[in-house]
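Shared chain: chain A. Partners: chain B in the first complex, chain C in the second.
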Partner chain A sequence: MIIDHPLLGPRDSSEFTYLGDAKLIERPDPDAETATRDFYEYAYLRDNPAGWHEELWFHEAGDRSWLVVTRNTLTHEISKVEMARDVARGKGRSK
Partner chain B sequence: MRYSGFQVIKQALSGHKGWTPAWRDPEPQPHYDIIIIGGGGHGLATAYYLAKEFGGKRIAVLEKGWIGGGNVGRNTTIIRSNYLLDGNEPFYEFSLKLWEGLEQDFNYNAMISQRGILNLIHTDAQRDAFIRRGNAMLLNGADAEMLTTAQIKKRYPYLNTEDARFPIKGGLAQHRGGTVRHDAVAWGYARGADSRGVDIIQNCEVTGFKIENGTVLGVETSRGFIGAGKVGCAVAGSSSRLMSKANMRLPMESHVLQAFVSEGLKPVMAGVVTFGAGHFYCSQSDKGGLVFGGDLDGYNSYAQRGNLPVLEDVCEGGMAIFPAFGRARLLRMWGGVMDMSMDGSPIIDKTHIDGLYFNGGWCYGGFKATPASGFCFAHLLAKDAPHPFATDYRFDRFEKGRMIDEKGVGNQPNLH
Partner chain C sequence: MHDLQTITALGGATPRVDVFNHITITENDGVALASVAARLGREAACRKVLKKLLGAVPETGRAVLHDPEAGFCMGPDQWMLGAPRVSHELIADQLKTLFGDNASVTEQSGAWVCFDITGAAMRDMCERLCAVPIRQMVAGDVRRTVIHQLGCFVIRRTADDHVRIFGPRASAATLHHALMTAAASIA
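Here is the complex of A and B:
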């Protein structure tokens, strides 16, 4: 697979390591009443869809940036690659 | 028809015209006591043991495609019980004991061959870890033996024991481990279940569950609604997809695992050998092909095919210990979809929905578990209580902090 890095252009996927579902960006509120349940679901449960999946890849053998890659788990086709920090900021994180 | 040497001779003398189909092709009935979703190894084994050990029920196995077309036909056929942790080792040793009597039990030639498995050691720390593992195996009634390099050389004289980077310092052997003709496992269980009255319904895809007031009443399928008292799901690889129809999220990701077969060679590999410094394992099939594999590709996938970086990594591992195999040409490669759970261990448990039961999360170790998985899942379905060897395979172990994490890598499914 080739991942089209927003800054570096097309790179082989073997330069990256894979973390998982990009929903991991949305860490639950530790002060919420439901925090115990929320963190269990955050840490252990996954949607695991067959089809389009937004996921976190780390450019370990490159610029060490985190990316959000939108990839189809049925075909391995990649439709979108974003910097994870832009995605996180878009969600109001890390201002 | 009972298969025997006498039958072979009798049929040969009558022109082989008397063989009958190994299982029926029944129409689905409107209602069953128990429906098993998934006609793979685990689903068929579950139906077989339900009918044989916990009998007296009307049982159906529903399969989307044809039986044995999933991971039971796509694995590297190895059986073993060399686990460390208490939640696992008694279960896998139970499985290996069932393998040992399986062919007589279901009257089918599964070509079970206890040719032994050998885990190579490359460092002192690894030797300590493998001695501990071997002791855990012995304590649970399995066999284990630490071998010296000289003993290993006798069995595998062409092993590269003097590699400068990864010298081989010994190995942990389980002589009762080995290989099995994987397709025959599905067929043997199917035939055994069918002859005990189980309806095996192929080309019947489950499209949804009928659930009312927290109780499952049956399944919607591509061949209409089928009612059921209990529904057991055993669809490893597609577990998340199926259980999402019951609004469940599972503690797992689906990953692709590749396997490879070389051209046929004369007998060269006595048993199964695993590399201890990278991820590579290899055995030789009875047809002569070297069957080998290694790591997952490492990303979520339902594609049943992988990419080339893993092939390179696996072959590097192979070349480190078996330089001579570099002359063999690769004949086939394929991928299977694994339920990778959050701690690397499976789940055999009830769900929060009455009458709905789940068996999955086998990671890439499901084949060797087939008999025990079927037996324990049948026990759970029939008695509503876990089999003593499967009590730790619970859904709530992640919430309760009782993970069974053989590798100790935490909730990162692609590392298990």
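Here is the complex of A and C:
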């Protein structure tokens, strides 16, 4: 499997480590009324789709950047690769 | 006053040099390093200081082989800067004065060991060590890769048969063992 790194170009997936669902970027607000429930869901509950899935990959043997990879879990086809920091900032994080 | 003798990463009083017919592996004890990471919202100001210091900002996968300070890109808004140790032993302090609040500067001299590999068989040796496209790389190209399970930087230097490897200093002997094994395997 080849991951097309947005900065470095196509790299073998053996250079990366897998973290899982990219929803981990959306950390709940600890001050919310429902924080206990929110963090329970954030930490433990995951969808496990057979099909397209946005997931976090770490380029450990490369530039050590975090990526959001949109991958089809049935075919391993990859449709989109983005820098995780760009995704996070797009969601209003890191301000 | 204490009279202390510095030792190299491999533990010697002088840097180790291993000479084969086709390759020379030199422990390079003379590089001082510091990393520079632009702070959030200060990226443009940080690049401005870098440009003034090096003449150009190192782009992704590239080094600027400037004298005395040189630098290469480690990732988005992150760079490693190096300079001769004799003149820049306190490089992190010197850089912090220049960058101020625009960047976080961390001293890295104690974290890395530097090996210079030169010789006709440099490319053959590099291919046995790691998965970088060494034959396509030109002077100033930098890749972070894994050698012998160690995260390393591989830098193609100006001379056509010269590659520089930065690896974790605490594993200097392990990395050296890997280099020696690769050199012997292509003899």
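Some observations on this one:
One rule holds for everything that comes next: the second predicted complex is superposed on the first by the 95 of 95 C-alpha atoms of A that agree within 3 Å, B and C clash if a C-alpha of one lies under 4 Å from a C-alpha of the other, contacts with A are read in each partner's own complex, and residues count from 1 in each chain.
Throughout what follows, a contact is a pair of C-beta atoms (placed from the backbone, for glycine too) under 8 Å apart; a residue touches a chain by one contact, two chains touch by 3 or more.
What you see is a predicted model; the values in this text were computed from it and never measured.
Contacts of A:85 after superposition: chain C is touched, whereas chain B is not reached.
Of the two partner chains placed by superposition, only chain C is touched by A:61; chain B is not. Of the two partners, chain B and chain C, it is B that touches more residues of chain A. Using the contact criterion defined above for the overlaid structures, shared-chain residue A:34 touches neither chain B nor chain C, since it reaches no partner.
By the document's definition of touching, of the two partners only chain C reaches A:8; chain B does not. Looking at chain A, you'll find residues 12 touch chain B in one structure and chain C in the other.
Chain A contributes residues 7-8, 12, 15, 60-65, 83, 85, 94 to its touches with chain C in the complex. Every residue of chain B that touches chain A in the complex is listed here, in rising order: 238, 240-241, 244, 249-254, 298-303, 307, 309, 342, 398-399, 411-414. Across the interface of their complex, chain A is touched by residues 40, 60-61, 74-76, 131, 143-146, 151 of chain C.
On the chain A side of its complex with chain B, the touching residues are 1, 12-14, 17-21, 40-41, 43-50, 53, 55, 71, 73-76.
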